[in-house]
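In order of appearance the chains are A, B, C, D, E and F, and numbering begins at 1 in each one.
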Amino acid sequence: MTIETHARKRLEMIIEQPHLPQFIRLFEQQDVRGYTVLDSKSGKGSRGFWSPARLSSVDDRVMIVAVADEETIQRVLSELQALFEQLPGVAFVSDVQVIRPDRF
Amino acid sequence: MTIETHARKRLEMIIEQPHLPQFIRLFEQQDVRGYTVLDSKSGKGSRGFWSPARLSSVDDRVMIVAVADEETIQRVLSELQALFEQLPGVAFVSDVQVIRPDRF
Amino acid sequence: MTIETHARKRLEMIIEQPHLPQFIRLFEQQDVRGYTVLDSKSGKGSRGFWSPARLSSVDDRVMIVAVADEETIQRVLSELQALFEQLPGVAFVSDVQVIRPDRF
Amino acid sequence: MSEAALQTLLSPVVLFFALGFVAGLVRSSLSVPEDLAKGLSLYLMLAIGFKGGVELAHAGFDLGMLGAVISGLVAGFGLPLIAFGLLRAMTRVSHVDAAAIAAHYGSISVVTFVAASDYIDALGVEYEGYMVAVVAIMESPAIIAGLILAQRDPAAKRAPRWDADFLREVFLNGSVFLLLGALVIGMATGDKGYDTVAPFITTPFKGVLCLFLLDMGIAAASRLRSASGLDHRLVTFGLIMPVIGATVGLGLSWLAGLSVGSGALLITLCASASYIAVPAAMRVALPQANPAYSLTLSLGVTFPFNLVIGIPLYQRAAEIILA
Amino acid sequence: MSEAALQTLLSPVVLFFALGFVAGLVRSSLSVPEDLAKGLSLYLMLAIGFKGGVELAHAGFDLGMLGAVISGLVAGFGLPLIAFGLLRAMTRVSHVDAAAIAAHYGSISVVTFVAASDYIDALGVEYEGYMVAVVAIMESPAIIAGLILAQRDPAAKRAPRWDADFLREVFLNGSVFLLLGALVIGMATGDKGYDTVAPFITTPFKGVLCLFLLDMGIAAASRLRSASGLDHRLVTFGLIMPVIGATVGLGLSWLAGLSVGSGALLITLCASASYIAVPAAMRVALPQANPAYSLTLSLGVTFPFNLVIGIPLYQRAAEIILA
Amino acid sequence: MSEAALQTLLSPVVLFFALGFVAGLVRSSLSVPEDLAKGLSLYLMLAIGFKGGVELAHAGFDLGMLGAVISGLVAGFGLPLIAFGLLRAMTRVSHVDAAAIAAHYGSISVVTFVAASDYIDALGVEYEGYMVAVVAIMESPAIIAGLILAQRDPAAKRAPRWDADFLREVFLNGSVFLLLGALVIGMATGDKGYDTVAPFITTPFKGVLCLFLLDMGIAAASRLRSASGLDHRLVTFGLIMPVIGATVGLGLSWLAGLSVGSGALLITLCASASYIAVPAAMRVALPQANPAYSLTLSLGVTFPFNLVIGIPLYQRAAEIILA
């Protein structure tokens, strides 16, 4: 027996914690119905290496994972292009399969 | 020189921390040989927005990542269908490549 | 309107925290331009179940995510083959799309 | 009594709760780190458990203790029935949600107990050391009662889980374990042990309680702010039920012949609702119940009510009836 | 004065900072867990706020307080202008970076204040309780000033954000909130409240400060070690600006007729640079500014300077001019 | 001596360890948050370092100190050889695992030291301040000895790593750093510094130790519960080796002419096994060694043995031989 699965897109972003509300707002506007925020410990990008600033959370980065249908993700990506001109961060998109298509 | 890689499936779930033992048990039953549990900070789903309940861990969510061969993941998915009728959570499956096929 | 995206590879590793510097060094040598380290809570692998050792961080595991072009990831994989003979850990590779190709 | 009321309102303990509450309402970035809050809670358990044990070592066991324990058990099993009936009569929550909420109100809140004991200490009223044991004893019966109520749900698709995960959650819950453990250690080491640990468990006690209540205030307000599905019927329940619980507690205290101090504490326990042990157990045993209702009610409505209005009232009632 | 200097250098507070600094430089694995450091910081805020409030309850409001508050506001709005001019004249940082750094130096560092009050306490010099209110008042004006400066940037592509996220960050910042809240609670409960909480807020105070400064030392050294883009011009600014700020603070103290103790504290506040509230607000409002500059300067250069050299100097100056 | 034994068993310190141990065995949800446990450990290091330093400032250096330091070095390098020989003779662990375990037993456990000093303090026996320095000195030599032993493994595919990561782990380990740093600060500030920090480092000391041992108990039991590959041979080693270490320590104390108190502490150090510094260093230098063996043995077998049985025994032996 094979379970029927349905194709969706998985968007993964790494952004600065203080800007999280702006990205969440973008999700709300574009009807992203679900997402999960994960803590990150350290990393490196175009602005060099970072690890959490002691004594404050300004340097903290978070990873956001959101699975949605291709069209929604496309809308989010086109908004992200503008947002990433002002705010630091990266975004990756990949293919996933889900079992409950009505949910995503 | 290209490294030889082998196709496997990556299952990613987001579930409530208090139910973790039940999902782990499912993994054991279906012979999933490896998995990793990651902490999550906040998120949104069909039950609305959540962030860790202060003073208790009942509202905490975790992400589980497990890579295994397609057949194993199929078995897990078919069990998950039933489990997700009782417990909240989401599951996504994607393709990955591994370099040590005997391990997964 | 569809946003133009570009294919890259996403490498995901789970390794022991005390060995992180060695893997970071490998990234530097192979010109991996960006990566993110995430905390993990517990897991199971060929060495059995683990959860953070109380009182010390020797048992902590971290997940590293790095997105780069295929060639870079190939170079990293071939080095990883040797490193994984000495150090515990796992690595998975998948396909992702990015919107700013010059960055990855 | 209006002066006493003012005095309660102006106690640092209540004021820090209020400060946290305001911070939560206006969404200030003020927050007590999670690990610290857990540490403060461990400290409070350890301190009251140990103190209770030392007092018990002095006083020895007596009949009063038996009366208090039986009262606690009666309340623990009985209050959920009352709460369930009330919820089904006056609110629109489903059978299983009513059972889950009932379990919260039959069980107890340790911090409410600590705040009450601090209040009556300040008045110079004494209470028996065994009341700490009663706290521990009252944590679990209501969970059992709640599950039995849930089991009777005609619409239930599956029975609640009574498996090992659940039983461990109920009977080996960390806070009960530490409370009882510290009590036993206090009894075993007596004054000698107390003297060495005393500076640790007395000097910072009140301050730790303030800091902890600051966090409770933030948590209560955040819960209320993001409350969904909480209508005026449920809020009314959250204000009436503690008074009913208190009345039951007063009756039991009278029957058991408790002292004013111990009576005030038993009344408070009956009036208080769990927000740690029961939510955790319900999540495992009744995942279909909506946790938002019970936690918001117990933390956001009943806890503040008890802290600010209830405790002085309960103490006064104990004074009048039990003295 | 060289004996006094030696005494500062040999105070546990400075020595623990030095220990942390060395640990950070040699990359020892020594670290204070993040949640613990946040807890220590909460404790310090709560303690100085409460103590200040109790003192205020004694002394009541007077004209001196008004003078101190006005001085604080003048410095908060004025110092960023001086800092901005200096930065543009003597360093090569961009307009927006200069504005962001200027905001840090117009605002204040609570720990520097705590260290200074500890220093003058040890000398037996008194200061007024309202100085704690001045600390809270001086946190935010410089942020406003910095944003106005940034807005005048001809090269700016977009205006700084003055939206709700930002305003909450500025005016409902957790540490300011707790400081003011504890102050109000201290005033409301007065000596009675103080007596119950005193052991908590006095007994461990100095030790907590040492542990916190150990962490600050590690943080300062780590910042300096990984500093990129910090040239000698910026470092010079980080050493000159506190002295300029101190001079302004001395002038204001004299005009406002402050006591020696309160004056020394106002001078210290003017000389100190923010490393918590302002960085957080800037990240939201001016994401294009490079946070590495400002945080490294304020934490890695100005804070150590003030702690080791500045505070005794400022106190001495206050003694000479204001006595 | 049976009364003394009872007294040890009934000390809060041992009882809280036992409570944690039981919680871990029955899998209660009781747990001390990780950051809090690290904070408690920092506190203990800081407190004993500082106190030792102040005492050293009083006593000055003397020949006894030199004797104690040399004894510590001899034990640190010598005990791993004995442990390695014993392991190869009586157990079946591989060459590299034996070397790793040997390093743990040559090094020391600070908490065991703290518990021992608390025990002899309670008996009114004095010890010299320099013993704290001996603790720091004994952490690392065994790591070097262990690596040299590992290097001689004929089956080894690759040499242990002696690189910068490793050397930093060994010589700049956070706990050693803080211990030594606090010692130096205590010496530098002397009584004057002590007076200001004393309430912080003495008032909560015993209580903090209890809370920390609660966590150690949980950790020890969890380790034992999930122990795999630990057979009766290894457990026997974990019980015999501390006695051998203690005997060596007693001999060295006698040769060095140490006082009863200092001797009891040196014996305890020799008998104790590392569970923080050495595991961290081994993970970097000898990743092929199985960490489950060494950590479970040291934390789950040897630590409880020393805490409950060893310390009173070592103290008694010191009293008989060294008095």
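Assume a contact is a pair of C-beta atoms (placed from the backbone, for glycine too) under 8 Å apart; a residue touches a chain by one contact, two chains touch by 3 or more.
The model shown is predicted, which means the values in this text are computed figures rather than measured ones.
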Seminar exercise, completed: Moving step by step through touching chains, the smallest count that connects subunit A to subunit F is 2
Problem set entry | Chains touching both subunit A and subunit E | none
Problem set entry | Self-contact between copies subunit D and subunit F, residue sets same or different by half | different
Exercise. Counting C-beta pairs in contact, does B-D beat A-B or the other way around?
Worked result: A-B
Exercise. Most remote chain relative to subunit A, going by C-alpha centroids?
Worked result: F
Seminar exercise, completed: Farthest CA centroid from subunit E: chain B
Exercise. Any idea how many Å lie between the Cα centroids of subunit C and subunit D?
Worked result: 46
Seminar exercise, completed: Averaging C-alpha coordinates per chain, one finds the centres of subunit E and subunit F separated by a number of Å equal to 41
For this session: For subunit B and subunit C, let me know how many angstrom lie between their CA-based centres, rounded off.
Result: 18
For this session: Pull out every residue in subunit C that's touching 2 or more other chains.
Result: 38-39, 94-95
Exercise. Residues of subunit F that touch two or more other chains: which are they?
Worked result: 33-36, 39, 203-204, 280
Exercise. Every touching chain pair, please?
Worked result: A-B, A-C, A-E, B-C, B-D, C-F, D-E, D-F, E-F
Exercise. Can you list the residues on subunit B that touch subunit A in the complex?
Worked result: 12, 14, 38-46, 61, 63, 74, 77-78, 80-81, 84, 90-95
For this session: Would you tell me which residues of subunit C are touching subunit F in their complex?
Result: 16, 18-19, 21-22, 48-49, 52-59, 86-88
Problem set entry | Residues of subunit D defined as touching subunit F within the complex | 33-36, 38-39, 42-43, 46, 50, 168-169, 172-175, 177-178, 181-182, 184-185, 188-189, 193, 196-197, 199-201, 203-204, 280
Problem set entry | Residue ranges of subunit E in contact with subunit F within the complex | 10-12, 15-16, 19, 22-23, 26-36, 39, 122, 202-208, 210-211, 214
For this session: Would you mind writing out the residues of subunit B in touch with subunit C in their complex?
Result: 1-3, 5, 8, 10, 27, 33-39, 62, 65, 67, 94-100, 103-104
